Amino acid sequence: MSFQAKLTSGEFVVLAEMDTPKGVDISDLVTNVRYLKSRVDAVVIPDLDNGVMHLGALAGGAVMRQQGMEPLIHVCGRDKNRMALQGDLLAAHVLGIHNLMVVKAEDMVNGDHPDAKIVNDLDELGILGMIQSLTSGTDLAGFELRGKPQFMPGIAVPPIADDAQLAQQVADARQKVAAGAGYIVLQPVFDMTFYTQIIDAFKPLNVPVIPAVFLLKNVGMARYISINDPCSRLSEDLIRRIRKAKDRDTECIAIAGEMIRKLADISQGIKISALGWEDRLPAILNSAGL
Amino acid sequence: METFEPEIVAFCCHYCAYTAADMAGSKRISYPSNVKIIRVPCTGKVDAIHLMKALEIGADGVYVAGCLAGDCHFKNGNVRAEARVNRVKKMLTELGWEPERVAMVKLSAGMGEQFAETARKFTETIRKLGPGPGKRTGIDDRAAS
Amino acid sequence: MITAEQKPMQEIIQYIAPYSKILLVGCNECVTVCAAGGRKEVGLLASALHLNHLKQGKTIDIKEITLERQCDPEYVEELAPYIDGVDAVVSMACGCGVQTVAGRYKKSPVFPAVNTRFMGASLGQGVWAERCKGCGDCVLGITGGICPVARCSKHLFNGPCGGTSNGQCEIGPETDCAWRLIWERLKELGMEDRYEDLMNAKDWRPGGAAGPGKIIREDLA
Amino acid sequence: MNTQSRLEKILASGELAVTSECGPPRGARPEKVKEKSALLKDHVDGINVTDNQTAMVRMSSFAAAVIIKQMGLDPIMQMVARDRNRLAMQSDIIGAYAFGINTMLCLSGDHAKFGDHPMAKGVFDIDSVQMINMVRRMRDDETFQGGAKIDGAPKMFIGAAANPFADPFELRVMRLAKKIKAGVDFIQTQCIFNLDKFEEWMKGVTDRGLDKKVHILAGITPMKSVGMARYMKNKVPGMDIPDTVIKRLEGVSKQQQPEEGIKMAVESIERIKQIKGVHGFHIMAIEWEEKVPQIVEQAGLYPRPKV
Amino acid sequence: MQKNNSSENTLSCDRRVLVIGGGVGGIRAALDLAESRRDVLLIDKSYAIGGLMTQLDRTFPTNNCDLCTVSPYLSQGARERHLDIKPMTCLTRLEGEAGAFSATLVTEPRYIDTEKCTACGECAKHFPEAVRVTPGLDPRAPTCMRYPQATPFAFSIDMDKVTDITALKKICKADAVLENDQRTETVIDVASVVLAVGADLFDPAVLDNYGGGQFDNVVTGLEYERIMSASGPFQGNLKRNSDGRRPKKVAWIQCVGSRGINKGDVPYCSGVCCMYALKEAMVTKERFGKDIETTVFFMDMRTHGKDYELYLNRARDEYQIRMVRSRPHSIVEKSDTKNLSITYALEDKPVQETEEFDMVVLSTGFRVGGETRDLAEKLGIDLNPHDFAATDHFNPVLTSKPGVYVCGVYESPKDIPETMVQASAAAAMAASNLPVVSVDQETEDLFMPERDITGNDPKIGVFICDCGFEIGGILDVDKLLTSVMTHQDVAVAQAVGYGCSSESMAKIEAMIVENQLNRVVIGGCSPRTHETKFQDLLRRVGLNRYLVEIVNLRDQNTWTHMNEPDRAQFKAVKLLQAGIAGVRKNRPLKDHTLPMSQNALVVGGGVTGMTSALKLADQGIKTYIVERAPALGGLARSLRKTIEGDHVADFVQTLVQKVTAHDKIQVLTRSIIVDHTGMPGLFKTGIQTGLRMNYMQIHHGVTVLATGALPNRPAQYGLGTFKNVITQLEMDSLLEDDAARVRSMDQVVMIQCVGSREKGNPNCSRICCQTAVKNALRIKKISPEIQVFVLYRDMRTYGFQEDYYRRARDLGVKFIRFSLDARPGVVETQGTLSVYTHDFILDSDIEIAADLVVLSTGLIADDETTEDLALLFHLPRTVDHYFLEDHVKLRPVDMAQRGFFLAGTAHSPKTIRESITQAQAAAGRAQTLLAKKEINLGACVAKVDTKKCASCLVCVRACPFDVPFINAEGVSQIDADKCHGCGVCAGDCPAKAIQLLAYEDDQILAKLDGLFER
């Protein structure tokens, strides 16, 4: 069953995120995706994620198709104006890419091309509107299209620090759902109580809510996130747990697995990122019992 | 009865245990001279047959000394070595020999003191067990035949 | 592949007790792969036997040879130069190898040092599992590639018995219920409906029920 | 009507049938068989005689069935695939029939691993489905399994077991269908404690109309104690005991547990009676035969109809 | 002009570095440069290089034999292609500027052709007075060479003392005597100069109270080293000069001539004497008898080096060395016994004590000699008030003259590890005046072609080093040789003295050639340290380097069984038998190589990391800095001023700008290292970078660890509870930001060693004493009225920091000592702080009202980070969680895992200045590795005998690195350039089809056979 069909029929969906290479050697990408076949519903391909230049999502999505895997690509307005965005989306449809995630792109300051010019022609609502327009058969200038593309657009919600932000984000998301977003992907949070609260807050929007989990790789990374990303609510206990583990690698995978299992009980899907260690996605899936 | 001086072979990995033994030397920590070291790159190289042969030809005890758990320079050579030592222990038990004659120990390169301590303890264990297979009888006849 | 495991040491020791010159023969085929009787195990067993004799205060003369294959007479012939010099042969091959050696060297007693267990497949380093009973009439084509003869404790042909819990066989949780596996596989293949085909009582003759089996290829023989 | 079986007659009459069982003794004492059977005498329509149950050696089911038959009762001879090849089976079947035994049950048999002869070779020449088919052909086609004609075919009423609770659940109805296809006449199910699941299974059975092709007798076992319940939950393969059962038994004193167990059995029967497609009950009071009459009576299944 | 032993052709090179001074520092600097393929000329005024270290007996803190430790470096110096050594040479003039100096050198006549001299010693035997053998400082010299590993390995003649030149020439079989040798002057072009001239040792004869040079049994520390040394006057026996008796009671007096204000004293601290006195006392007990009483008289025990505090604890607790905190007034010699009586006062006792000793050692420190002052003048560099080279405050190897760098003791008093660090730093700096070298210019080392030995029967030579006392003192080497000769195939068995000396090496080479040996066994020290050396020896004589077997007779025999010489002898026989049996099975093997990655990874973007990165990048090396913080700068960002008064922020700012602007440097902030694979020269490291943790991989050949340490903040003395209890770091800011608040205070109390030198963190944080003095001086500068109290345990203002300490005392800062069993207490009552402590001098408890209590909390290792990285990189750490370098003495910058270098406070606590030096050193050391085009993987790889292979996949599954695979022929294949050489596959192969080369089964079994041969 396709990702879209599963979503609409209310079945549980599993998304795995895979980065495209910085370069044209896609061998790792191809190898890693082979192990995910029939284990995930779609592979999420970010587009110039984190402000770091790498192989574009359109091509990444096409590679997924070639490998018999359903792609889901990011769409953001930072790097392209409405011309390029529309052109790319038409291309996407033709390449068999129908799942989109409209995201607010990372600031370029932390990226690898901090000097690049930022476009921001359309914001996320604008992009959702554009998608609606395209799927209904006209472009943003009002010209009719020869053949309508089909898309399942969703949105990614930015990190949420507290209840006030939560309320704000829910309100934002409501607008986006009204603008056509068919599902909502959340940012990873390590505190399950708070995450449950977030998930519950989005449920009234009546579209599938997909929480996310990513793989911690070592104590250094966990520590970094606990200090620099307060929204992720990574606790001292968790860091201690990794430090005390006999095999830290396995423990980190076990942590991801546990979180996925807990989230699976309270949501309609899960997005898993291994942040560069895509070869460990199968191990995470195993650990999560998926 | 003449006092029994066991002969002991220690297979030591280059990166940890052998270095620890050198460390014991440079700190002038004494341990029984009964222990004689054979250097291997990793305890993962030490075959069960090396342990058996050592006993067969005259060692009263043999131990394998590798890196601490999780610290093996080659990831898991020490784990494999330990499994082989356990197999030899089992074989010795089946044969009616004391499994304590073989052992696995794990040391880091800085553990000169512990190296000496291990050598002392193991030597004591073997001293209590008495002469090993190669020492009982027959070895000279065999050499002659 | 044929899998085997070493016999208890005391049994081997009993066999060779009366002898002092032993030819210890390994095989570089299946028993090497399943780590029961290759060159390395030959060496270990030889050493173990030495240690045993040293315990009795005796010595024993052991010659170690590992043949390419003990179930082929041509390879077994390689033992000829040594056979007269020994009192007994200990074979670390499977039953086929032991018999080939015993059949060729009739004057020497030939003892097995391993127990031939089953035809198995390797599940990973150091783990082998039974996969084939050599029943002579393969049904894998209709059971989704999972053998009910070898992998069902009761050789059931028509589905799982009532003893399955949590997908495991009633004989223990370490054994998967073969029929659960077959069923899952059939589902994956979209061949669920095959399950309800009745499988008739099996003809056991090709697998040995008709007496010791033999294959003759006229074109080759 | 295919056979002279009392059970077949009862079932054909549309009445709810009741069977129970008698484990033969581990020794040559016919009186034990007699004692047990006598307890059941008026309350059941057939007495299952188990065949080396739980892979422990017992008096052969054939012999014990003969004893029961000689008492004028109706034995149901069980036969497992574990201990006999097809020759032995067929000779026993015609032998039994010669003694008037006309009802039998075809089973795979518990694995020898947990019995008193774990080193024995399990025969498993044919499986239970093939056995059903073999017996049916002996009866209807009057041929042996190997193809030869039988001179005096055994007219057996053929039963088999079904476990609605074992894995994989979705196979359970199909497996029943397969046994029907092979020619089974009646089914005795595994002891039922998880009634919800049983209902689900029965729904699957009736949905396919299988209840029209076979008589299903629901398996009922009274719990003697909470210890027994726990043991069955944890140790007996293919058994499905919900925690509520254990909790309920825990809720009463040790002395009251047997009574509570019987009460639960009776309640189960009452509930199962409502389920479409169930044609009777098979009451397995393990080493507790004396309680069968009480259950039968309390469940409103007494007196038994005369046929 | 007389042409003799100089190689004129190389002198014309103008792209070279001149290193002046052939001590360990000079040698290290020269070797670093030569290894990174820069031409170097090393000159030394003596006739052999080696300097002071060669005269020491043992080094702290490992108590290793000095010569053994240093000798590989000496002889390596003689081997390096890019290195020329000119002994007996001085610089007389330096003209030009950095990058284009012209140096005039004068070489004194040696009257010996070093190329011809075989150092047979005949000349010295027959004309002892004319052949130079004196080791300079010490009249009780060894009788033959200055030391047996001398480089160059040749004698020299004092022509003034020659009476019969013909007779001398006749005695020399090598015809090496150059009768008409003359003083030569050479002018060479050099790009930069490294000064490694060291310093002299203070001569206590100028003091009238200690009897130095006057009483027989009063010796200096160095003389005591010579007395204990195996190559010393008593062949390693401890004896009194007066009567040759072994002393029973020895005293050390610290700070003789240092930290003083009296006649002949210098005010600074010599930095090393505390450690060497402890070492001498420990070795005395260890080697000459536990019953010898040892007493050390000291003012402050300055064991501020890495792990040195543990050494101090061991000396006190395990060796029972008595420590008396007192500076004795004088020493009086008893005329009859020649015993010495020392009068001293104890801190808390008004009356003086007198005690008698058999022997007294004066711990004398460093002095700049007159010659060095002259040299400085010729070079045109500025000197500091103590006549040491004046250097840049943030860059201690920079002198006042561009292009001239300094390292070692001449920069400031210091011990060997710091000298080694500075030497590498100076070398790295000196190289920056040279053009960048490209790896493509590299040419192969030239060894003669290998002799084919196939088919030859083994012909084994066994050579046993006596290593002075170390081996020969315990084993009967002659007996060993007799037993060895009985073994089959042994053609030659010889004792070779110090086997690793060039003399002995030459002897071994000659014997190999002469006897056509094809296998060699060396009985000596550990193969871990010396195998390569002897492998090179074999290559020089055309033998494959795997035909040698090193038998560890020292580290694993004589050193551990020194108390049981008989059993050590027995064990030596066995070990040699094993070696002989093993070598018989050795085969010639081929080394495997891979191309080297020319990138560097620097972990940590503090001052240390940035400095390293800049040095590397300047040499054309692509360098990645990985920093977890959002910005570069590290701990230095929270520092305001140095003790010299410089602003740290300005310095850091400039550094950050340079780094950011450098096109060879890639800065990755907000980045965490998460995985690591590969081998030295070909590493691959995975990094998550940015807030959203983007993953990327970096390929690099070397790694510099500069992860720093953390400011300690223990909850002691009310820190975190009382508002006015702060740390020195906070004080640093307060002094800069709120002078008014400081001015308003009346009394400030500082407490030292907070959270250091005690349970949980036993080591000294090194930086806190100078920080306290720095801040005390700043307070006094703001208002001299403020009373400052410093409560301390030992004031460790080593080197020139002593100047500031003295100034603080002069300005009225009160230093009050406390001990751990009477710790100060801090209480707060109604908002006012009081500090209680015991005053030893008043012998009473005192209370000080304090407006502010400042705690010297020092640094602690970043346990979590070093642990994480140690796991990833497989690196060792110390017990207190700092990274552990390869050799605490001689390799303080290299890690045990090749390709990793260590700098800054990730190594141990240190000042910015010291961190910068180590950062430069790390960059320099890294370049020695990157200078190679290829990585030699050695020959120890697994090899499959395809005939035996059963294709069982065991190796494929067992290999920890996924190297073996089943190839198209259907057999296992193990690619040599991927194999790591662990041998796990060989150990598991059920068909015995895999052998690990150099450790094959028959080699191991042969060794076992050898061990049990009767």
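Just so it is clear, A, B, C, D and E label the chains in written order, and each chain counts residues from 1 on its own.
Assume a residue touches a chain if its C-beta (ideal position, glycine included) is under 8 Å from a C-beta of that chain, and two chains touch if they have at least 3 such contacts.
Not measured: the values here are computed from a predicted model.
Common neighbours of chain C and chain D, by the contact definition above: there are none.
Ranked by how close its mean Cα position lies to the mean of all protein Cα atoms, the top chain is B. Farthest from chain B, judged by the mean position of CA atoms in each chain, is D.
A comparison of the A-E and B-E interfaces places the larger number of contacting C-beta pairs at B-E. Chain centres here are Cα means. That of chain B falls 63 Å from that of chain D.
Chain B and chain E, compared by their mean Cα positions, are separated by 34 Å.
In this assembly, the C-alpha centroid of chain C lies 62 Å from the C-alpha centroid of chain E. Annotation: 87 Å between the Cα-based centres of chain D and chain E. Residues of chain C found to touch two or more other chains are 40, 43. In chain B, 47, 49, 53, 70, 134 are the positions where the chain touches two or more neighbouring chains simultaneously.
In chain E, the residues that touch at least two other chains are 871, 958.
Considering their complex, residues 81-82, 86, 108-111, 113-114, 122, 124-130, 133-134, 145, 161-163, 165-168, 170-171, 174-175, 177-178, 181-182, 190, 237-239 of chain D touch chain C.
Contacts from chain B toward chain C in the complex involve residues 47-49, 52-53, 55-56, 91-92, 94-97, 133-134, 136-139, 141-142, 145. Listing the residues of chain C that touch chain E in their complex gives 28-29, 32-33, 35, 38-41, 43, 66, 122, 124-125.
Taken in their complex, chain E has these residues touching chain A: 628, 670, 672-675, 686, 688-697, 864-865, 867-869, 871-872.
Residue ranges on chain A touching chain E, taken from their complex, read 19, 22, 49-52, 106, 110-111, 214, 217-221, 223-225, 228-229, 243, 248, 275-277.
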